[in-house]
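Here chain A shows up in two complexes: once beside chain B, once beside chain C.
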Partner chain A sequence: MSSPVAEHSEPLIHVSKRVGISRGKSWAIRGAALVLALVISGLVIFSIVHLSPLKVYGAMFEGAFGTSRRAWVTIRDAMMMLCIAVGLAPAFKMRFWNIGAEGQILVGGIATAACMIYLGGSLPTPALLVVMLIVSVIAGGVWGLIPGVFKARWGTNETLFTLMMNYVAIQLTSYAVSKWETPVGSNSVGIINQTSRAGWFPTIFGQAYTLNVVIVLALAILMYIYLKYSKQGYEISVVGDSENTARYAGINVRKVYIRTMFLSGAICGIAGFLAISGSSHTISVDTAGGRGFTAIIVAWLAKFNTFVMILFSFLLMFLEKGAVEIASRYNLNNFVSNMITGILLFCILGSEFFINYKVSFRHKHS
Partner chain B sequence: MEAACAVLMKRVTKQFGKVVANDAVDLELRRGEILSLLGENGSGKTTLMNMLSGIYYPDEGQIYVNGKAVTIRSPKDAFDLGIGMIHQHFKLVDVFTAAENIVLGLNEGGKLDRKAIALKVKEIADRYGFDINPNQKVYDMTVSQKQTVEIVKVLYRGADILILDEPTAVLTPQETDKLFAVMRNMKADGKALVIITHKLHEVMDVSDRVAVLRKGKYIGDVWTCETNPQKLTDMMVGRAVELNIDCPKAVKVTERIEIQHLTVKDKDGIPRLSDVSFTARGGEILGIAGISGSGQKQLLEAIAGLQVCEPGSHILYKDEQWNPGAPADNLENRKHVHELIGKSPLDISKMGVALSFVPEDRLGMGLVANMDLTDNMLLRSYLTGRGIFADRKKPKKLAETVVDELEVVTPSINTQVRKLSGGNVQKVLVGREISMDPTVLMSAYAVRGLDINTSYTIYNLMTEQKLKGVAVIYVGEDLDVLLELCDRILVLCGGQVTGIVPREEATKEGIGLLMTQFRKEGQAYEQSRS
Partner chain C sequence: MKKFLALLLSAVMVLSLAACGDSGSSSSTSAPAASTSGSDTSSSSDFKVGAILVGDENEGYTYAHMQGIEAACKALGIDTTTNLIYKYSVKEDQSCYDAAVDLAEQGCNVIFANSFGHETYIMQAAQEYPDIYFAHATGTHAKTQGLTNFCNYFDNIYEARYVSGIVAGLKLKEMMDSGAVTDPYIGYVGAYPYAEVVSGYTAFFLGIRSIVPTAHMDVTYTNSWFDITAEGEAAKALISRGCVIIGQHADSTGAPSAVQAAHDSGNANVFSVGYNVDMLSVAPDVALTSPQNNWEVAYEEIIKTAMDGGTLKSDYCNGYAENGVMISTLGSACASGTQEAVDAAIAAIKDGSLHVFDTSTFTCQPAKDVKGNVVNDGSMGYIVDGNGVVTSAFATDTDGNNINDADEAIADGYYHESYFQSAPSFSLRIDGITELN
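Let's look at the complex of A and B:
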């Protein structure tokens, strides 16, 4: 024969797709990934800084939950993260890559701050809170609506569009900061209504952040129901899977894009409301602080299940708070904790591969 | 006819999860023969061939090529052994010429010598009787020409073992004949060929030997000259099967949809349908024949409200109260004629028009691939009921009924439809559409890729609907089936109607001619009938 007959040995490793895996087994794989991540991080910590990994983990835990105040700050920030992730869920479920949460948070925040500043003296706080909620919903919603309309009408790329909208929002925030700065020349707004506390979240059951938790958990539950059981939620899933099928079924695809992006932006706007009124009481270009992007990780890891998002929001916040603690306690910088976060995410994401694929080695007999 | 053994597969097993796609299959392929590989959907034909062409790797068993034990780890290994597979879906670069596609990926050193390539392509073409122009761009080619490029590409690489996976699914009868002639030439040249097809008459026509698989197991092989379609079907299915399509006389025939001067242009402004006029009647099956891409898709989608139609087009739906005997200017009667142009699918269903549509792209249009059976049933009914929540109780029941009645093989009704095999996906889709009690049922290539058994189930469902008085529009590609199943056959060519032939007058050759007869002026149909 003219063609050379290749002599090959059997490949060492086969990768094949799994057909269905039990829930228990898939969670066991995820659990194993978590343990593996902790072991690898421990080795890394020990080999680089020669500290006992257990001590470092202990310090991280103390940093996040060591005191009641720290615990509440962690809860507050996890709720903020969850709120953004919940906002992203409908858009992502529709395969609309909304990476503009950052901007949607900021415009929601600007709207909230404006209400606090201009209406703080004239409205009682409960009424003011309602007004701020509505205004932040509208502001964030419009910020999400714009790329939604463009995508629906002209098929523009939503990834670039929402990203660019972030920069517009940052510039708007700079403008607002320079307009409202106190004292003049400080280039910061300072704590708004520090003495009157007008428009601040009230202290409920002795905690300043109770309302944050209530609002965000309510949103998470409602979003879960909306996506899973409502007609609109069904439309979102169909459009996300195949636009052609949606049209075939008589779904108005444009309308679904626009409506869903308003909803997504609106919830991110509420996150802005929480950030200003429910936590920092001031506004700056760092109000969103990259959380609009981190929340994308939360949403994806949870596969858009808002209940699982609670778990991942806490995990990421725990890592962040723990990082700050070990950085200050052991004179390390933030990079060590970033490494731990990286190792953890790598292992968790990597575990999905083993859930979807089976790896088998070469047969012994050949 | 004592021929050398080209390929020998011994006890080859391949498992996907718990599903055994191939269970200790033995297969022999000899030089200078055409072997038909026959089997129902999911019987493991394609899996077996994919192991030969390096796409899958067998779990167990041994493959011998030219008497030597080999390991095929990748398509490249397969090429080195002279094995080439022509897949159902072509893998060509549209903006390249035939010659460029042929040498693509060869990684030959030096300059790209177009002249030498063209010469070699020409030589191959002359040797086997291919009709190919090396400098033609792929986007200018018909499906049949693209297929030719795929085959020449494989030969160019020196393949002498060729596997063709359902090559005739997209060809006209004339093109199929041409392909078979080429295959016979290759056989005479000493090449070994495997053809996978569901069409038994083609098996009888072209192959020397038939190997049958059933549920992953090798059933046996027979000489083609010693068998017949009935025997082959029995082997394939494992029991005796009735191979006749029932075509009872149409009853309660009334006009249902009248199409006048329908013109549809695509987004580049190229007409896909030009001045199409016909009437579909309730109680009869209207077959639509044509080379794929002749406007079938646009026609059905236009009726379903999914296409933008040019001014002057009319799609008139005549509801059940419409009286065919009334004079044309009877105002009362006109109320029962509804214009569907400019209406969205939602508008059409709100008008009370029960239009069922089984589109060509099952998972990309008719169903939601990532949803389970229940949610796919919900697709047509999710808006019913009050309130903001979707009612999943009835769809769940419907899913159970469809699974029961159409014998859908699925782990449960909570399985994503993309995980089902092609035939079962189609049953789910057809089951849902028929459950809507349609007055019009449109289907595009409803049996494409389905095995004999499932195909006959689908044919019977169509006939059942016809007897209920439904206007059935059936776009098909197998002319034998169209001739048996349909009461009238409309032929499309290049977006034009080249003929509407009643069943009694239709012949396969006549329809085949109409399929390629692009009409510039006047009626080509009259000439073709002689």
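Let's look at the complex of A and C:
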């Protein structure tokens, strides 16, 4: 089969693992990917709808930040995304595939909504907020703890386990909705405590979402310190790199799994608290709305650096809000904006390949 | 260096592309701008309409609303390209409030929302913007909330459903007369088990039973307004139970497609009645008709009121008499004589000689409490006599316990549907209909 010339031929493209890449170079590659994404989206926009890409990008920016209210809505949703990503960070750093954020958000949300409904009249709002925070932490934490314990004790597959916990949480939410819906059968809970506003986040400095920002940024900073400087954070990264190394070093791997999954679930539970008490004031099976999955992208892209996550949360929310605006303004279908989001994510995720691997072409030998 | 040059080159390409795109679009947009400035719509040129939609034009229910809004705007001289702003695919949560406030800040004078779960969010926005008119389809709160800038609207779709039931009943009768079918068994794919759906399928069933008195019906709920797969599966399950007519109160083409598939695989005796849109394109051999809302009438009324700065009614509701509802073109599968029967029924509804929920045409079992004891004193919302005929039924729930306790709806021998409020209130479970889930 082999021909005599084969020993001289070299593949046209040669891919090799990069040994080390400077931070500047890696960010330059990411920047180039962003530019490439904008170029491709521009071509797509122009060829399909014959609109100036610059105009479309301008409209997207206006949709996300055009007025102070729009900017605050973008901030609120970016904070929600950030909160989930912060929650996922310790689990994924441990190489524990927690794809159960959706469920952890929902059970945190159910706990919050239950407090609003049953305690709304009897507790003052500040006390109620504390109670809701605690129960949402416990609810989300337990939802994360269950797959953690099963993995630690019986070595179950956490990907399937956390995924299935999502479906259980969705069914629980359906049950809660059917219990609280008005009228019966309509599948709609409506705004909880619309007139009394019991259990709603208070308006601080004239802004309804100040508390969302404060809570999530605090979580992001604490998580950064926890992962980078604490002993427990170090244990997480050792377990993530190699379970055997961790065991050899005397780390109680089971304990780390259980502890970290409680933490991860608890923060996702707080995200549920933010979604209900700090933003929508209602509950439905769409309360998580796929954000538990999108946040995985945020966490991975940011390499679990919670400050970089802020950037990616805003990027994704910018795309989402911008998409809604161009759909509304140019009567484009939502699918066009989904295409732009898809192209951007594809390029940014693809750039990680070029950061980790070097591509060289065959040199010409005379 | 080479890389840098390549990068620079690509950047130049984008910019040049952007530049030519710019010139292309500006030349195309200047034309309509010039034409509108020359037209005589100056009085309404700054009047803006905003609409919050639960779906987009690919979803039958929302598509019908868009048709209605656009027709109403055209009739009132509002430019739909510049002064009508849509918000597509808005979920029934905080994003609905966000959308409403955003439309208000964009200068809309009247703002609509078309899905049941939007209501509380629209009310919240209406409280904050008292100078803007807000209107919500299918909701129930306008009458009791007392917000002067907020109203509900709906159509007497039960009238069109009754008429579509007559269409189905005639087909059923034809099949029974020819001996092809012996059991007059109807299946119905419903969305959620509450008044809007119950009222709809009961009207449909009463329409069928006016032709085939022995008909009986099973209802399956999908717990979603729009779920092609679930609706298709539900229809398939009903067909396998032996149903020969499949009706629906769900927004997709799932059920008619499933019926067409059954027909194609050799089951010649099953037919479909759709909703919202003409189903002949997806089910050409089996679609009989679809009850449809003509939303234009309500939209025109409300926008007109807002343009004149007038006072809103709490509810806007139109039936056949106001041209607010209709049925789509009859399919080729319909029995002969259907058009005549349809025309006669519509005429009778219009002149008031035919009432859909005539209490002499149906019976109910007395209400039971949670322990199973019969409670027939009206505290469960209705009273029946010894023959099962309903003698009293309330239409409104004032204390939020989900049992109707106000507004006696039975008078002159029929249930007054959509009489006290635009949203349907008929939620009696009548004999002959079985809810499967």
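One rule holds in what follows: the second predicted complex is superposed on the first by the 351 of 366 C-alpha atoms of A that agree within 3 Å, B and C clash if a C-alpha of one lies under 4 Å from a C-alpha of the other, contacts with A are read in each partner's own complex, and residues count from 1 in each chain.
The rule is simple: a contact is a pair of C-beta atoms (placed from the backbone, for glycine too) under 8 Å apart; a residue touches a chain by one contact, two chains touch by 3 or more.
On a predicted model such as this, the values are computed, not experimentally measured, just so you know.
Colleague: Once the structures are superposed on A, label A:210 by its partner contacts, choosing first (chain B), second (chain C), both or neither.
Modeller: neither
Colleague: Which partner does A:338 contact after superposing on A: first (chain B), second (chain C), both, neither?
Modeller: Neither partner.
Colleague: Thinking of the overlay built on chain A, is A:242 touched by chain B (first), by chain C (second), by both, or by neither?
Modeller: First partner only.
Colleague: In the overlay, answer first, second, both or neither for which of chain B and chain C A:250 touches.
Modeller: The answer is first: A:250 touches chain B but not chain C.
Colleague: Taking the superposition as given, does A:185 touch the first partner, chain B, the second, chain C, both, or neither?
Modeller: Second partner only.
Colleague: Looking at A:159 after the superposition, I want to know if it touches chain B, chain C, both of them or none. Which is it: first, second, both, neither?
Modeller: A:159 sits against neither chain B nor chain C.
Colleague: In the overlaid three-chain picture, which partner chain does A:26 touch, first (chain B) or second (chain C), both, or neither?
Modeller: The answer is neither, since A:26 touches no partner chain.
Colleague: In the overlay, answer first, second, both or neither for which of chain B and chain C A:305 touches.
Modeller: neither
Colleague: Kindly classify A:232 by the partners it touches after superposition: chain B alone (first), chain C alone (second), both, or neither?
Modeller: In the superposition, A:232 contacts chain B only.
Colleague: Could you list, by residue number, the parts of chain B that touch chain A in their complex?
Modeller: By the definition above, chain B touches chain A via 16-19, 57, 60, 65-66, 68, 70-73, 77, 80-82, 158, 160, 304, 306, 344-346, 348-349, 357, 359, 361, 363-371, 375, 378-380, 382-383, 388-390, 411, 419.
Colleague: Provide the residue numbers of chain C that touch chain A in the complex, in ascending order.
Modeller: Residue positions touching the partner: 7, 10-11, 13-14, 17-18, 21-22, 24-25, 28, 56-58, 85-89, 91-95, 98, 101-102, 105, 116-117, 119-121, 123-124, 140, 192-197, 223, 397, 400, 402.
Colleague: Could you please specify the touching residues of chain A with respect to chain C in the complex?
Modeller: Within the complex, chain A touches chain C at residues 32, 35-36, 38-39, 42-43, 46, 50-55, 67, 69-70, 73, 174, 182-188, 190-191, 194, 279-282, 284, 286-287, 289, 324, 327-328, 331, 333-334.
Colleague: So in the complex, which bits of chain A are touching chain B?
Modeller: Of all residues in chain A, those touching chain B are 1-11, 14, 16-20, 229-235, 237-238, 241-242, 244-245, 247-252, 358, 363.
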